[in-house]
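Letters A, B, C, D and E name the chains as they come in the text, with residue numbers starting at 1 for each one.
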Amino acid sequence: MGGVTLSPAVSKAPAAVRRTSRSAVRRIWGSVLLKRIAFYLVAAWAAATLNFLLPRLMPGDPASAILLKMSELGPVTPDRVQLVHRLFGGAHSEPLWRQYFSYLGGLFHGDFGLSLAFYPTPVSTVVRSGFLWSVLLLGVSTVIAFVLGTVLGALAGRRPGGWLDTVISPLSIFVHSLPYFWAALILVYVFAFRLDWFPLSGGARPDLAPGFDPRFISSAVTHALLPAATIVLTSISGWLIHMRNMMASVVNEDYVLLARAKGLSETRVTTAYAARNAVLPSVSSFAVSIGLVVGGSLLTEMVFNYPGLGSLLNQAILNLDYPLMQALFLVISMTVLVANFVMDCLYVLLDPRTREAAS
Amino acid sequence: MTADPILDVAGLTVEYGTDRPSRAVDDISFRLHRGEILGVAGESGSGKSTLMTAVTRLERPPARIVAGSVRYHPRDGEPVDLLGAPNRQLRELRWDRLAVVFQSAMTALNPVMRVGAQFVDVLRAHRRIGRKEAWQRAAELLEMVGIPGDRARNYPHEFSGGMRQRAAIALALACDPEIIVMDEPTTAVDVVMQRQILGRLQELQAQFGFAIVFITHDLSLLVELADRIMIMYAGRVVETGAAATIYRDPLHPYTLGLRDSSPSLHGRPRTVRAIGGSAPDLWDLPKGCAFHPRCPRRTDGCDTVRPPLLTVGGHGTACLLTGPATQEQS
Amino acid sequence: MTRRHHVRFRVPANRKVRVGLAVFLLLVLVAAFGQLFVGHVLGQSANRLHAGGNLESPSGRHWLGTTSFGQDVFAQLVAGTRTSLLVGLIGGAIATALAVLLGVLSGYTTGRSGAALTAFVNIFLVIPGLPLLILVASYTRGRGGWLTVAVIIGLTSWAGGARAKRAQTLSLRNRDFVEAANYSGESRTRILLLEVIPHLAPVIASTFLFSVVGSIAAEAGLDFIGAGHASTVSWGTMLYWVQSQGALQSGAWWWFLPPGLCIALVGTAAGLINFGVDELADPRLRTRKPGSAAGRSRRSGGVTPEGAR
Amino acid sequence: ACTSGEEASSASSVLTVAAYSQPTLQANFNPFSPNALRGTVGLIYEQLFDFNTADKNQFMPGLATKYTWDAGGKALHLELDNRAKWSDGTALSRDDVVFTFEYMKQHKLLAVPLTTVVPEGGGVTLTFASPAYSQIQQIGRVAIVPRKLWAKQDPDTYINRSPVGSGPYALGRVTGQQVSFTARKDYWRQDVPVKQINYVTTSSTNLLAQQMVRHEVDLSYAGIPNIKSQYLDKDTAHNHLWPIRASMKPLLLNLRRAPFDNVHVRKGIALALDREKVADAYNPGVYQAVGPTGLTAQSWGQVIPDGAKEPLAQDRQAALKEMAQAGYQLKGGRLVDAKGKQLSLEILTVSTFADGMAYAQELAGQLSQLGIKATVPGEAPSAYVADEGKHNFDAVFGDAYVFGSNLYNFYWSMLSPDSTQSIIGWDDPATKAALDKLAKADPAGQTEATKGLEKIMTDQVPTIPVVVKGTPYMYSTTRYTGWPTEKNPYTTPDPGAVSGVYAEKLFLSLRPATKG
Amino acid sequence: MTATANDTYKAPDTAPPILEAVGLTRHIPMHGRRHGQVVRAVDGVDLALRRGQILALVGQSGSGKSTLARLLALGDRPTSGEIRFDGRPVNAERRRDRRRHYGHVQMIMQDPFASLNRLHRLRYILSRPLRNFGTPGAAELEARIIELLERVNLTPGREFIDKYPHELSGGQRQRAAVARALAADPSVLLGDEPVSMLDVSIRLDILNLLTELRDRDGLSMLYITHDIASARHVADEVVVMFSGHLVEGGPAEAVTQNAKHPYTQLLLAASPDPDRLLSGEAGTGTAAASLAAAAGGPDADDDPDSAAGSATGADGGTEAGCPFRARCPHAQAICAERMPEAADAGSGHWVRCWLHT
């Protein structure tokens, strides 16, 4: 959740209505929604600005990076040096505020300029090439981790101190603490290299062009299995612990006891009463992690040579590709914002109480 | 009123913790009759809630029932020992025969489920009825406690405290139980509301004839509500008898203290005194009578002999001085 | 004020917590004295090259074998413990301090400045941590060694903790005892420092624990992608070398496994200790007889216990 | 996991090259772009000619079969192979060559003082403002593009997704992680033996090592650690390594910083190094210690004066003597100046390059033994480049200087203040003069002209040559045989070998491995 | 006339008011579904607290009692109206002025479990007002704290001084809260249900302490409670609040024995009173009937939509009307129009009801 606070509105006329009509409800909820949207817009603007500034704080200039690359191939003429500086160092010749405005202007048209690392490919093309990979791999595995972790956590937390809890909780703390690129390296070594159950790396068989082609899709899926398993394995425990703790406290709630007293089946008590309530805080953290999926994937993608946004970000940083960096940061920030926004709305459906006090 | 027993509790003992257990309920026996209201009063921490959860088998760790029996007498068939009953059997008895109302209805209703759905849930678990019919019955039940039936679609937070409390009572009635155990069901509402709820409760009880175990620390309330009263102190029953008798002629010094420390509203202003001292530590109970350190009338032996609960003519007390045995002697 | 009750150290009752503390203590001891032991008793040093053969498997001489450069892995691990723990502690301390400062202030301050602070925190939440870390780390160009890395990690990883603290402060702000402190004529700073923040102690403690672990992991991540300070010996740089030297393919498990396991060990210890952090702050839970007075006083209220809101 | 038989057989004949070290690719087949994908030149576009640096700089024909100097190095006539054809079927004419040179000149892409280019006979004639003997390799490496498609393109922004070239391959498919090239059936020079070549991405050495062991990759040049144990030993029958030594890696000191501006300090450092050990710090056998001129005796023996042919031996006493001359004394194991300050230096390194880190660590270790406080701060490549550019370093050991076919470029890029690669801040009139002399020297006079530069190297020590950098050219003979070897160095399998005439020659010389 | 405990000191009815509320109003804006509306928690309340007097404030839950007390303590800001201390208006804007007010007027908050910080010992909790409102030295401080503790019967003080709140029983806590309020040496105590959550026996301890303080030190006190019997027992005067308005007030005995306002009557009827039962029908079988009867009146639908119990003009009428009219068995047309002025019912007993004007 974005942790949004809305300042209490000043009291209007004390409308003395016994039961607020449906349309009024909608109107009030609408105004709350508007305020939220306003917040998200401000946050988006701030993120965009920050994204503009951050790369500019980085040392070095892309021109020298490119020149170095060129000089590996052969001597570079002084003319060429100048040209490169004009093309790639250009960002620094203009005053900052002017760059800022042209940057903002570009954003509105979805124009992020040309990538430097992949010059002269437009940044938007580059980002598009990585977006789907990341979203599919990380999105799917984050969802799987969330679902599995939450289910296991619910089982463990149902009886705190029970055998499942005793086994699973410390184990998951341990797994949660493993450095995940390290774990990924082990998994690759064992399951891909030694056992040959999975392909070593990449997003799909490299000779297949991305598209709605069954061969490509099945290849993409086989390639995604191992990285996804790594992500699931290392992030499942977080959800598990989270859910377990919530569950352990929720099972002591009076309404769970009452449900038991009502003679409902154990399954019904656990799912409809305990887990249903315990899952709420996890859901809001889920929003954040879904949003961060895009940015948090850098290390995994590096280990697996996966062609997603994380790899692109790494290349952008290595090559001082400001435009690409900016665009990626923006994409990340925006996914977080959008995920939060969607979750905000969804949360209202999940927790009836929030419909009342939307602050 | 029949003298037909419905619940027989004998020697019930409940402890908290395993390393250094504390006895929150110590060797309590009582009998509940059909259609009767049994009030349980006592100081905070005297073990009232513990007793109630043990009787209904809703105790949660670290509570452990270490001794005793709770026998339920169905109208037809053999008595069932609730403590020994397998989970399946217990589940069938729950709510169908034995319902509870918790101390705070605020937290006893599932906040993310519509109120009606929580009725439907239990109705469908114990009665073979369709979803639609169940909803209808939920609405009827709510109307029975004075809540419009269409409010069944609301969530608990959309109810006021009093409404929730009444909904909890309606919920307890859902399957026409024979026993309802209520643990301070009205602490969260003010006197006017409390009066209203209890009034409704009494009407319903008159109508359906279920038995009630009513727990509170408000003695004056019980005197008005209950048929019989049981006074608890430090996990034991110190006095039991008909409500009016207990109020008029309390035998145990603790009951007397309780009565005398409440100022009167209408009568002649009387001198009220506090009992003094503070509740005992369950881990370190005084020897002998647990009340003796606070007792204004303690004598020799109070600190060594633990007085048993002795009953004469339906009025029992556990005190060396005023117990029936002593009275007979004097 | 008498502090005697505070000072006395009680071994926590919870077994998990005990195990966690023991592990942590052991690591601290290793960090403090490990190098002396390694140097004087084993006669090894973390950076000595070609101390023996390359990629030797564990032996009496090299407890954890050698690296492909011939360094003693055990010596490296011990030296790395110090660096990594320091990075963790310093990074964790900075992140926690910032989280407390910004979280509490944004939760406690009302009006425009409160809203601005909140917005600031929220915006930092939206920025992805690792890329930001890499950016800032590359700005310092590996100068200043692990200390810079620790500081940067601290500076970039406070937002999540701040949010948690903000939420807590928001609920504390309206608690009765805060109002009561006002009636007692307390100043605002004093209320913040002595009434509100102590209540956050468990949250702060657990934020700190996980920031420590997070900092160690972040340093490792940074090293892994080569944005760290690769020539200091830490668990992170060990991992860097391990992967860049293909230790796994070469079958050098003795070199590959220890640094990763050590990081996991710290994380696990922190996770275990976290089970007991509530005890740290709540005098009620610190009493000899858990549940006696506590259980009663909590229940006699008859209404919801404090903190349940 | 279930590939059809047909696919499997075709997959087995595909040659896979680990060509890109980045995880993702963007199509770019503009041979003038610094971001052109490897294979653009060599497989699709062809160069004029090159020299086989692995084999006594022998001339290797490309589109041009022969060159002749005229007018004291100011005119060059190139004879073209008249069979050449573009992949669209049209002939590659003299006109296209003229166009390409003019185009490059117009867009300032040519580091050669070209004045005119005109068609003449079966080829073209280029004229220069000054003798261009030393630039012959650059001229040869110009990739020729068709006029009709390029006349209107801006070399800076043109992506050229569907290139039309004269080379043996046409562009197959570009996915985010691979570029495939398919053999042209109508290639003008010969039948193309390898029907498909895939250039794939590998972002980590770990991965590459695993792919190579599994024969998923046939050819690679990246430095994987422990090549012998990780690769060669895994399949001795098929896995091969031939380190190509095409460039020299010196220890570069920042000459603008005291005390490195002091020649005695430099000499002292040079004498403190055990070059064999440095060479073996990462992949034993790949790098090779080098003499003080920076040139290897094997390739350049005839130009190196006696006494400078062998690598400088480590000599602690001599080193200390030099240091003493610079005012540094050994006290308690530390080399200190008059004020008691220890001589310290940071060897700046790119931390993502595991090999570079390893070498730098070894160097630092050796210098520490002399009493110098040597450390190795690693940093991100971008920061490294920036620091180099700003002369913000004590020492670096990352840059390597390519020998090429002509030593002018080697010394120019290392020592001329005009070179972007010369980062040490060496600005010396004598060096300039020596370079000028070499630039203008005709092929016969080049040996003599090199002498001056060699002397500067040995006397002034502007850079401290340490090793000849070996590129680990690793290949597998599971699918194809006929690879160039040390015994049969018909082409230079240099990094550039995945492009240019070298690559063309290599791929055209392979034969499918006989099964069994 | 008055309760037995207070025959030592009798405040003259003419004693000057020390703390006064004039037209005090507090409207609390609502959130969520009913965003934009307000809860009229306190609505135009005039109240005078005299020196050396205990004034009991009774009323239904949610009628605004705590809000009124918090306004008087400056823990909350009124929407309109004025607070006077010793005849002078109180300025609540500046922190310094507020602090001076805290020195005179101390509040005992409703919930002693929430209002004592569980992290501090009594020593610290009590030392703060002592230090803030007078600066005893370190040596004197401890003596003063012990004295305070003993004054509220936490004896021996030395035993209690280093205890944490959780080490105290509910009654002891409540007394600690009283001690904290007394530490500021106030002339007015605002006790917000200081005994509501306690067992009768502990409850009585505290009430007796408060009357003692009034009698000995001439302390003034606002005693907020649900328990009318105890109000009768300790208070000099009782005022009844309903839905943000004061509806009846006067000498304690008069109000409790001879209630005029229908709401007060309902409140009295609803209060459990075993004596009534025992003096009437002795049997228990009829208990049901008596309880039901006592509930009386139309069913108060405490729909949360109608905010403060049945406050905020429960039936959508104008806000000017009597808030109780919806449940009032004697409601007339005029009741919907406006609240009547206070009518005198003799010897200081007044009531705001159209039945009595």
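Definition applied: contacts are C-beta pairs under 8 Å (C-beta built on N, C-alpha and C of every residue); 3 or more make two chains touch, one makes a residue touch a chain.
Given the structure is predicted, the values throughout are model-derived calculations rather than measurements.
The greatest centre-to-centre gap from chain E, using C-alpha centroids, is found for D.
Between the interfaces C-D and B-E, more contacting C-beta pairs are found at B-E. Chain A and chain C have Cα centroids lying 24 Å from one another.
The geometric centre of chain C is 49 Å away from that of chain E, both derived from CA atoms.
Centres computed as Cα averages put chain A at a distance of 53 Å from chain B. If you average the Cα atoms of chain D and of chain E, the two centres end up 90 Å apart. Looking at chain D, one finds that residues 204, 206, 210, 213, 352, 380, 382-383, 386-387 touch two or more other chains. Looking at chain B, one finds that residues 44, 103-104, 107, 158, 217, 279 touch two or more other chains.
In chain A, the residues that touch at least two other chains are 58-59, 185, 189, 193, 302, 314, 317, 356. Within the complex formed with chain A, the residues of chain B that make contact are 56, 58, 60-61, 90-96, 99-100, 102-104, 107-113, 121-122, 125-126, 155, 157-158.
For chain C in complex with chain D, the residues that touch the partner chain are 47, 49, 55, 68-69, 134, 137-139, 141-143, 145, 225-231, 240-241, 243-246, 248-250. Contacts from chain D toward chain C in the complex involve residues 204-206, 209-210, 213, 224-226, 229-230, 281, 349-352, 354, 357-358, 361-362, 365, 375-380, 382-383, 386-387. Residues of chain C touching chain E in their complex: 1-2, 5, 175-177, 179-186, 188, 194-195, 198-199, 281-284, 287, 293-294, 296-298, 300-303, 305-306.
Across the complex, chain E meets chain B through its residues 3-4, 60-62, 169-172, 199-205, 208, 226, 228-230, 232-233, 256-257, 266-279, 282-285, 287-295, 299-304, 309.
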